[in-house]
Amino acid sequence: EPALIFDLGGKFDKSFNEAAHNGASRWAEETGGKYREIELQSEAQREQALRRFAEAGANPVITMGFAMADPLSAVAADYPDTKFVAVDVTWLDAPNVRQIGFAEHEGSYLVGMMAAMASKSGTVGFIGGMDIPLIRHFGCGYAQGAKAVNPDVNIVANMTGTTPTAWNDPVKGSELTKAQIAQGADVIYAAAGGTGVGVLQTAADEGILSIGVDSNQNHLHPGKVLTSMLKRVDVAVYDAMKAGADVETGVFTMGLAEEGVGVAMDDNNASLVSDDMKGAVETARQDIIDGKTTVVSYYENDSCPAVSF
Amino acid sequence: MTVPAIELKGISKSFGPVQANKDISISVAPGTIHGIIGENGAGKSTLMSILYGFYKADKGEIWINGAKTEIPDSQAAIAAGIGMVFQHFKLVENFTVLENIILGAEDGGLLKPSLAKARKTLEELAAEYELNVDPDAVIEEIGVGMQQRVEILKALYRQADILILDEPTGVLTPAEADQLFRILHRLKDEGKTIILITHKLREIMEATDTVSVMRRGQMTATVKTSETNPQHLAELMVGRKVLLQVDKVPAQVGKPILEIENLHVTDEKGVERVKGINLQVRAGEILGIAGVAGNGQSELLEVLGGMRPGTGSIRLNGEPLALSGPGSDARTRRAQHIAHVPEDRQREGLIMDFHAWENVAFGYHHDPAYQNGIFMNNAALRADTERKIEKFDVRPPDGWLAAKNFSGGNQQKIVVAREIEQNPDLLLVGQPTRGVDIGAIEFIHQQIVALRDKGKAVLLVSVELEEIFSLSDRIAVMFDGHIMGERLPHETDEKELGLLMAGVDGKAA
Amino acid sequence: MDFLTIIQVLDSTVRLATPLLLACLAGLYSERAGIFDIGLEGKMLMAAFFSAAVAAVSGSVWLGLLAGIAASLVLSGLHGLASITFRGNQLISGVAINFLAAGLSVLIAQSWFKQGGRTPSLKNEARFEGLEWPFAIGPTDAELAEKPVSELIAAAPPVHQVYSEFLSGHSLLVYLAFLMVPATWWVLYRTRFGLRLRAVGENPAAVDTAGVSVVGLRYAAVAICGVLCGIAGAYLATALQAGFVKDMTAGRGFIALAALIFAKWRPWQAMWACLLFGLLQAIALRFQNIDLGGVVIPVQVMDALPYILTVVILAGFVGKAIPPRAGGEPYVKER
Amino acid sequence: MDKMPKWADVVLIPVISLILAAILSALVILAIGEDPVEAVNLMVTGALGSTYGWGYTLYYATNFMFTGLAVAVAFHARMFNIGGEGQAMLGGLGVAMVCLYVPWPHWSLALLAACAGAMIFGAAWAAIPAYLQAKRGSHIVITTIMFNFIAAAVLNYMLVNVMRPEGSMDPASARFPEAVHLPTLHELLAPIGISFSKAAPANVSLLVAVLACFIVWALIWRTKLGYEIRAYGHSETGALYAGISPVKITMIAMLISGALAGLMATNNVMGEAERLVLNSTEGAGFIGIAVALMGRSHPFGVFLAAILFGFLYQGGAELALWTSIPRELIVVIQALVILFTGALDNMVRMPLEKLFLALRKGKA
């Protein structure tokens, strides 16, 4: 049976881990299969959880988050018969690991475009959680997308904080939202875990638009969330579980082409998305897939051409 | 025969393993002053606290004015007309006098009317009993004498008919004590019943009608004061014969050890407490500093002991001492052979939670005999403690007991033993026998005199004139930061010193 | 920085200071009575959860508020039991309460709502909404003008800006919190209860021998502390936010404690201290990555700025803070 | 005379308190619809049933010993150091610098240097609050709380902007070189023929922690400095009388405290992660407060309390691994343990004291 290791945020973080949880649940429902899971609560448990599941015969063992890379590199070799699936890890040299990266910047680029198109004020906002490179990576794609639509667009980018509480401080998220509104922002993209709940809430309260992240968050405030940047972790997890012990190893990047990232369109935001927007997003999506447009990744040289953090 | 105002029947009380009161019965006639004496730890305060509802007795009955009365808490005691002035005052230090007086006796939920009413009543009481206090003064800023008045006023404000005073004169000047006794007699004449706990036989003889003696939790005797004498009472208390006067040979005075010139001390609040004094203490003599508490004696001792800075000049054996900055701390002072028995043994002289043997090194923990630079030599320390405990008759003779588990007198013995056994050139002593019982006083006085007889200098600060007279070879009186004058004990008397202590120059007047 | 921005920063300050202020006053009552309380955080958190949970289930924010207060009171009772009745260590009790709240709130939320330790989002009537003052620019005007509120306010004259942005539009609990300041001052210094409360924190023996129950007074103080923490938690979950998220107090209880010490346990000063902390946070939120002529101050510095400034202020301007003398010590008559 | 024999005080009371906490925890587990017996079983076998479990239990315990000792030393000088968290974070920075920027021939040398680095950084982080307390009267509780937040910002800045290897998206330092790998208990015990789980992270820094317990014990109860620290802690006026400088003791006690907290990094950063990550302290600084309080600030008590909390952590992890019990349950159990053994201690003590007194009276 497969095992799933959630990162420190916990499986109900309304975004990244929750997406994995959704994928796993879908698999369990569809196949009637069972899986083991653990929500990490400390750094030392990373390796522990890997080993315990591997020893117990779980296969594949699916991990969430880049922070698992390091323990995986130590553990994977000890269990050559076990397949590991590492979401958000792409740089390991291990034969029995399926490494899945997401091109978050590409998805963020698309929502950035939508933000700039939906904005009346010409100012769009970005609120990140803890200030780490991954979050800047999101923000950077977003800014590029917004600039692509409107080169004069003003982008206000804020991070919630520098400690892990930054992922769980909706109150601060709220205040940041109000601050950005005061600076003119009328569409705000939140990539901030639990803090994002506060961002979406306040945006709805204040009558501006917000953009969710990772999972489809459109339903949180129907008609007030412009869209969500989907990171199809659920698909990745579902696929891996479905493949079971035969899961293919290697490095896989799930970008727009692979439908690993995307924008959420559903009934909840149908009224907000004009046909223009749909068209533009579709074109850009195709251009990126075709390589006509390149979205610069923050990781390439630790800086962003479109916005500074 | 009249109904007794207070009757206690078979009161017993233990604190964990300690039996503080054993089957005590006592009866006090209304309109009398009843004294209770007993050694430290005899259980006097405990008994009275039970009467006041502060502690609950394990067994026994309380009868007030002929009726059996349950006193589960102080509220009930107050309702029964009992007021108590505790040995350790129960005042809120940063409240005003007025606030302390109304606390618990307010009328109504708002303070304003209560305060106004209390102010008026206070004026009346003050006039009636000569108990003048500034109602708006903050407790921590007034002297202990004043604080005690506040405590008495508190009881009177609650219309107490029975007033208990637990060692009220421990902190008072003779004049203040005299005034207190005048007030007590006034109250007695008005028909109030008074219970007075004290260690001072003189006060018992002068003020009380009857007296009870307690020893080790039991009531050993109750006698009419007119039918007894101090010697007899002392023997009842201690269970053996005691000397009431210190035997001492005339001083063999040598060269000056301590020379103080133009010393000034300012406290944390910026108030100048010592205003340029000059003093000399010579080898082989005890200089007694008399004065009402709070006139700068404490600060003088603290500067000499290295606990606070001052300005001016001090020489020890001719060598100048630093008065501020490096080298003015207590550690240096000890290295310079100045020993210090502080005024407050519990806050300064001892660490109450330390074992007795740890306290024996307190202040001298740098002494090579006790440590090797890094580690304490606990074995040596314990051996030394055993010796001191034996020599100074500390009871119980157990060095492992925490300081707080010794009675006050024995705590003081530990401090005195530690300081005197250092064989210092100069011994500073503050209130050496405050709250200490007769047996221990005798012993401590002997030790101080013995040190002086070895040719050492002693600077004694005491508010007890009796103590000053019986120990000093020379007496200086301090008032408001100045030395009012120096006298030889046999050339002066309590009256003259009392005037000097009040700031009146006896000769000039 | 223009005038409107300043107003907005101040507006944000008020919102951020409110939970701090409520918790700080809560601590003030407790600590003035001699019961130290580092469990403010836990009580707020528990109250935040229960207020949101009950508001979500019942649809009534008032029931939510009551539930929050009740939850906080239960923890207060526990603190009282430990530190008053059983004369335990008040710091340990506080630490335990913080842990207990952090764990229980999520545990209960999970087994109740199965939403990963959250409550469902609260709909309008289950939340405290902003009170719009007469003539203030608010959502209704915005709907009429078909422009966002922010634009309308930007166009208004300064006085109207102050009125609409800074004074109006806060939730009822904000005004309540600020009213609690003079109220607390009055209770503490003008009533019998206040006199006794202060006395019991300074010298419980004095209160006891004056015939007043030390235990009763201290429980009363701890209960008031519970009520105020309950309001603080409810404010977080039902006024500032629309629901409970785990650990949503995010250290505010500790900041409130810092403010209390900063204020030297006095009500007006507590308000100023909380406003200062709120202001520092508001500034840090608005101005990240300040570019000072080529030198970019990193966001981390701005993030830590409130804390750094607190230390600087403490070091430079505030003298020794002396706590209530009997604080932290259980009242033990018989050893 | 004491009210109770010492063994009752030191053993009986904590044991009864723990049992009470366990009973309540069991009720909580029942309330969320799980089987408490099964849960306890899982926790005990998971944490203590194998060398693997012990390896993790001891690993966590090592962290808590350091932070518990840190709090305890400050307590003896009557200071409440809530800053263990920040000091341990900075200790991690010190360890990382030592390990990354100096080529070490052997782990033992590296460990010595890392200890020094950790202690210096930890102590430095405690120095400012200590100085402010000693000289300016700023309350140590606030300043250390503030320094925790500031430490997090410093660490974040260092990891995001300075120490992160090029191209890595993880806000963490590079992996330490193989030469500074600390031997785990497996590697330490294998030569003497004891087989210990290879996987568990407990490592040689456990010995450092035990040594630290012993040194702190000797420091507090055997040395002159310890004597001064305790004297100052019991009575400030007393210290003044005895010529003990409050400024000196405040500074020294806090520096020692900070150094001890910093030392934790030898375990979690050098011994386990072998690189510096954000949030590597994971609240161990705060657990240290509970550990010190439970251990009555005595190093041996701290040692035992640290192992108890290590057990809870590891047992809880196993619980989370094999059941669907949310991880917050462990937090609740911790809270109950702290509550009963620490705050409600007298609830057990008072009746016991009565009982012992009655027994004694009965005999006498």
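Which chain is which? They are A, B, C and D, in the order written, and residues in each are numbered from 1.
Just so we're on the same page, contacts are C-beta pairs under 8 Å (C-beta built on N, C-alpha and C of every residue); 3 or more make two chains touch, one makes a residue touch a chain.
This is a predicted model, so every value here is computed, not measured.
Engineer: Find the chain most remote from subunit D, comparing centres computed as mean CA coordinates.
Structural biologist: Centre of mass proxy via C-alpha means gives B as farthest from subunit D.
Engineer: Sort out for me whether C-D or B-C is joined by the greater number of C-beta contact pairs.
Structural biologist: Counting C-beta pairs in contact for B-C and C-D gives the edge to C-D.
Engineer: Averaged over CA atoms, how far is the centre of subunit B from the centre of subunit C? Could you give it in whole Å?
Structural biologist: Inter-chain centre distance comes to 47 Å.
Engineer: Rounded to a whole Å, what is the gap between the Cα centroids of subunit C and subunit D?
Structural biologist: Distance between chain centres: 30 Å.
Engineer: In whole angstrom, how far does the Cα centroid of subunit B sit from the Cα centroid of subunit D?
Structural biologist: Result: the chain centres lie 46 Å from each other.
Engineer: Would you mind pulling out the distance in Å between where the CA atoms of subunit A average out and where those of subunit B do?
Structural biologist: The mean C-alpha positions of subunit A and subunit B differ by 75 Å.
Engineer: Quick check: what residues of subunit B touch more than one other chain, meaning two or more?
Structural biologist: Residue numbers touching two or more other chains: 16.
Engineer: Find every residue in subunit A that makes contact with two or more other chains and list them.
Structural biologist: Correct list: 10, 131, 162.
Engineer: Touching two or more other chains, which residues of subunit D qualify?
Structural biologist: 149, 152-153, 156-157, 160, 326, 330
Engineer: According to the definition of touch, which chains form touching pairs?
Structural biologist: Those chain pairs which touch are A-C, A-D, B-C, B-D, C-D.
Engineer: Mind pulling up the subunit B residues that touch subunit C in the complex?
Structural biologist: 15-16, 52, 54-55, 73-75, 77-78, 84, 86, 90-95, 99-100, 102-106, 108-112, 114, 154
Engineer: Quick one: which bits of subunit A touch subunit C in the complex? Just the residue numbers, please.
Structural biologist: It is residues 10-14, 18, 131, 158-159, 161-162, 165, 168-172, 174-176, 178-179, 181-182, 184, 186, 194, 197-198, 201, 205-208, 220-221, 308-309 of subunit A that touch subunit C.
Engineer: Per the contact definition, I'd like the list of subunit D residues that touch subunit B in the complex.
Structural biologist: That would be residues 1-3, 218, 222-225, 227-228, 230-231, 234-235, 237-238, 240-245, 353, 357, 360 of subunit D.
Engineer: Note which residues of subunit C are touching subunit B in the complex, please.
Structural biologist: Residue list for subunit C touching subunit B: 189-196, 198-199, 202-203, 205-213, 325, 333-335.
Engineer: Can you list the subunit C residues touching subunit A in their complex?
Structural biologist: 4-5, 8, 12, 15-16, 19, 110, 115-118, 121, 139, 142, 148-150, 236, 240-243, 245-248, 250-251, 281-282, 285-286, 288-289, 296, 299-300, 303-304
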